[in-house]
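In what follows, a single structure is set out as structure tokens and then discussed.
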Amino acid sequence: MNTTALQASGVTKRFGGVTALSGVSLELRAGEVHGLIGPNGSGKTTLLNLLSGYYKPDEGQVLLGSEDLSQRPVQARAKQGVARTFQKPRLLPSLTVLENAMIGGWRDTRSGFLASALALAGARREERELRVRALELLQGVGLGHVADRRANLLEHAEQRFLEIARGLTGRPRFVLLDEPAGGLTGAEIEHLGTVIRVMRDCGIGVLLVEHHTDFVFRICDRVTTLDLGRMIMHGTPAQVRADPEVIRVYLGA
Amino acid sequence: MCGRCEREQIEMKRLLTVIVVAAALITLPFWAGDQYQLHIAALIGAYWVLIAGLNLVVGFSGQLSVGHVGLLAIGAYAFAIIAGTHGIDPWLALAASGGIGALCGFLLGLPSLRLPGFYFAMATLAFALIVTELVLAFEGLTGGGVGLSVPSFPAPFDTSEGNYWLILGMAALVTWLTWNVARLMWGRGLIAVRDSVVTAQAVGVPVLHAKLAAFVFSGLTAGLGGALFAVIQSYITPDTFLFELGMFFFVCIIIGGRGSIIGPFLGTVVLTALPELSAPLAKLGNFFYGLLLLLVVLLLPEGIGRLFQIVLERLRPRRVESVPIAPQPERLAAAIKVGQR
Amino acid sequence: MLSALIAGLATGALYAAAALVYNVMFSTSKVLSVTTGHTAMLGGVFGAWFMQAFGLPVPVALLGSIGVGALFGLLTDFVAIRRVLSRSDEHLWLLSTLALATMVQQAIALWWGTEPKPFPRVIAQDFGAGLLDQKYWLPVIVAIALAVGLELFYRRTLYGKLFVAMSEDIFAARARGIPTDRIRMLSYVMAGAMGGLAGFAAGQLTFAYFALGLTLTLNGFIALAVGGLGSNLGALVGGAALGILSSIATYYVGGEFQQTISVGLLMVVLLLKPEGLFGTRNVRPV
């Protein structure tokens, strides 16, 4: 069984005079759903940005298995099979839903610019295969019926699911979700849960940064809680939910 | 109406349109009004060779290069010097113009594509001014302010018709190349660089490399276009390559619409032809281009090509139903597992 | 050689003034406007026109030039910035200001002509004054006065402090009830007025010339980039460095490589210190 994990190991991140994260560790294992919760300003997004490569840690490391990713550029994450979604969905508005999903498959593009310009057989074949796979993934998440629609015409929930399909097109081992339930109805959150469970069952490690704590406790195998840049509790949902510090700081009485 | 049948019908219509247009363009010398109109058509073709490449830079990767006229000048002077002054075979000279254009594109692009948008635009502007300055400075090579005469291609391309067909061929080739890039992965990658660098990085697009690839390609087409342009003009001086021409190329693309091939092509045709058809517009010159650019930016930022699309969509209304999202877990799992093999 | 230095300093002062105009517009809108150089061009052209066509006395023509500059600043905000800033596409303002700049430059070319026209004397002075000629020291005085004036404005006046607040964090400013649209408009009017004044002061050096718009946009930008975006001291230093370097290079190598050398300076600085001499590094947002 593949035990490679995506880890933040004792990471500290400062912005000017502000310490956003201080000595935080988190281990995202394959085939698990790992929740990351905490009040606003606790450093969740910063940690997510560190794991996904947009920030580099001031102290500590970001590791994939035994490989140190800390100083690698963002693009290296996609090659390593780490995909992410964004708090505010970032799509390419002038392209169709299918094309937006297909861009997620960039890591498998072997053809260079010149090969594309000459429409060599390899480039055309890659395109065909990618199109088929991306369409299947879109059908899988429930967006098959809008595959040809321009992305700027999508509703909010559709945008969120498209970002997930895009991430999956890159054949990731780990998917980092940044508040994917934001703005979704109850039914849509259920569907989101279904998709996340399928990902987990296929062996993908899913990091779920969320404010909908009920959802987090229902679906996650483990949960990490942050507050003011430090980890304050880590364990199963039952353990975290019952922890007095977590309740005091975040969940309320 | 089956989806497959619909798509095949669209493909047939598209193929038919291409055939009709190609036939019209090939036979143009026979139905065009006079030599002057043929000359304009050839000019549009030469411009399009440059603009097609520049389209990948401006329209697709969103790098606002206003100074591509500098690369046009380099291509033109390279051809004039190699084929004219040194009497080398014009075909070799043409290839060399393209190569030199590509090299200069690389040298210009490498430092400046890292810069933020405005800085980059200013760098290309400065580049265009520097090229003119250097052309004037190195008189011995370029004839300075007096200019150079430009030889024509050997028969059968030395007549107006022959020259036109040569340009048509090159324009068709460049259009095919850029169309390929546009419809395959790299086109999407460039659009990602334009519309959301964060997304491009997240999926692994090598942003600088992609911008540079498009830019070098645009240098190649600018070099080729410059050589063809020089042959049409038959005599070039530094005044032929003013910044205004660079603005013109840029505006053709923005007005035609970014992210498409046909939009900027139509933009080029319309903007080249308009001053010919209307004398008052010709007098307004760059003012008119500036005004058009402003109107497009304020009212139709996606270009006139998009306007056509919107009109077509209105005429063929498809009811946009709001269907709730319904994942299909088994299908999703199967699709994911395919990728994991 | 000394005359080259003095001439370079004077042209540099005009570049510095343009860099100041950039700074003011940028502070409230985060936009670098292509119309920056044109505010000065208009100041020079209209100043000459007011004095020559209408025989207006110098102070009136000066006020007129400042007014024209201010009006153009207002026009820039209204036409090219206001509706464009709210859109998500961040490069639209580059296109709109480029379009407006092109229109203005061509309109002036069509009306005023494409030849540089002489600018009348502003203060009675002998033409044989050599290095003490007002065409050299007028721009320098104006550039320094503008920079000092800006610093006082930012530190001592309410509106100045509002500009600073907006430039540091526009969302916080809006949240505190600052009418950001109106302040931005005001800043553009002010910037335009500054440009008009600088153009008037430098008129005898540059002549009233339509093409000054674009070249000053570029050179003012080089001064800005060298000195550091957002720094008024940087604008002065950058402008002086650019002006003097160009002038000295022309003196030794000849005028043929002026543009190349200016850009060379820019490239060197950007490679060594990308944020300019006095600029600050930005934190990249995700």
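The first chain written gets the first letter, and so on, giving A, B and C; residue counts start at 1 in each chain.
Throughout what follows, a residue touches a chain if its C-beta (ideal position, glycine included) is under 8 Å from a C-beta of that chain, and two chains touch if they have at least 3 such contacts.
Values in this document were obtained by computation on a predicted structure and should not be read as measured data.
Asks: Can you name the chain that lies farthest from chain A, using the mean of each chain's Cα atoms as its centre?
Replies: C
Asks: Most C-beta contact pairs, which chains?
Replies: That would be the chain pair A-B.
Asks: So the centre of each chain is just the mean of its C-alpha atoms; given that, what is the distance between chain B and chain C in Å?
Replies: 33
Asks: Taking the mean of the C-alpha atoms as each chain's centre, how many Å separate chain A from chain C?
Replies: Their C-alpha centroids are separated by 46 Å.
Asks: Based only on mean CA positions, could you tell me how far chain A sits from chain B in angstrom?
Replies: Result: the chain centres lie 38 Å from each other.
Asks: Mind pulling the residue numbers of chain A that touch at least two other chains?
Replies: Within chain A, the residues that touch at least two other chains are 54.
Asks: Where does chain B touch two or more other chains at once, residue-wise?
Replies: Expected reply: 198.
Asks: Of all the residues in chain C, which ones touch at least 2 other chains?
Replies: As it turns out, chain C has residues touching two or more other chains at 286.
Asks: Quick one: in the complex, what on chain C touches chain B?
Replies: Those residues of chain C that touch chain B are 32, 79-80, 83-84, 87, 89-92, 94-96, 98-103, 105-107, 110, 214-215, 217-218, 221-222, 225, 256-260, 262-263, 266-267, 270-271, 286.
Asks: Quick check: in the complex, which residue numbers of chain B touch chain C?
Replies: Checking each residue of chain B against chain C gives 62, 64, 66, 111, 115, 117-119, 121-123, 125-127, 129-130, 133-134, 136-137, 198, 243, 247, 254, 283-287, 289-291, 293-294, 297-298, 301.
Asks: Sort out for me which residues of chain B touch chain A in the complex.
Replies: Spelled out, the residues of chain B in touch with chain A are 177-178, 180-181, 183-189, 191-192, 195-196, 198-199, 201-207, 210, 213-214, 217, 258-259, 302, 320, 322-329, 331-340.
Asks: Touching chain B in the complex: which residues of chain A?
Replies: 52-54, 73-79, 83-84, 86, 90-95, 99, 102-107, 109, 111-113, 116-119, 123-124, 126-127, 130, 133, 136-137, 139-143, 145-146, 149, 153, 155, 157-158, 161, 166, 168-171, 187-188, 191, 194-195, 197-199, 201-204
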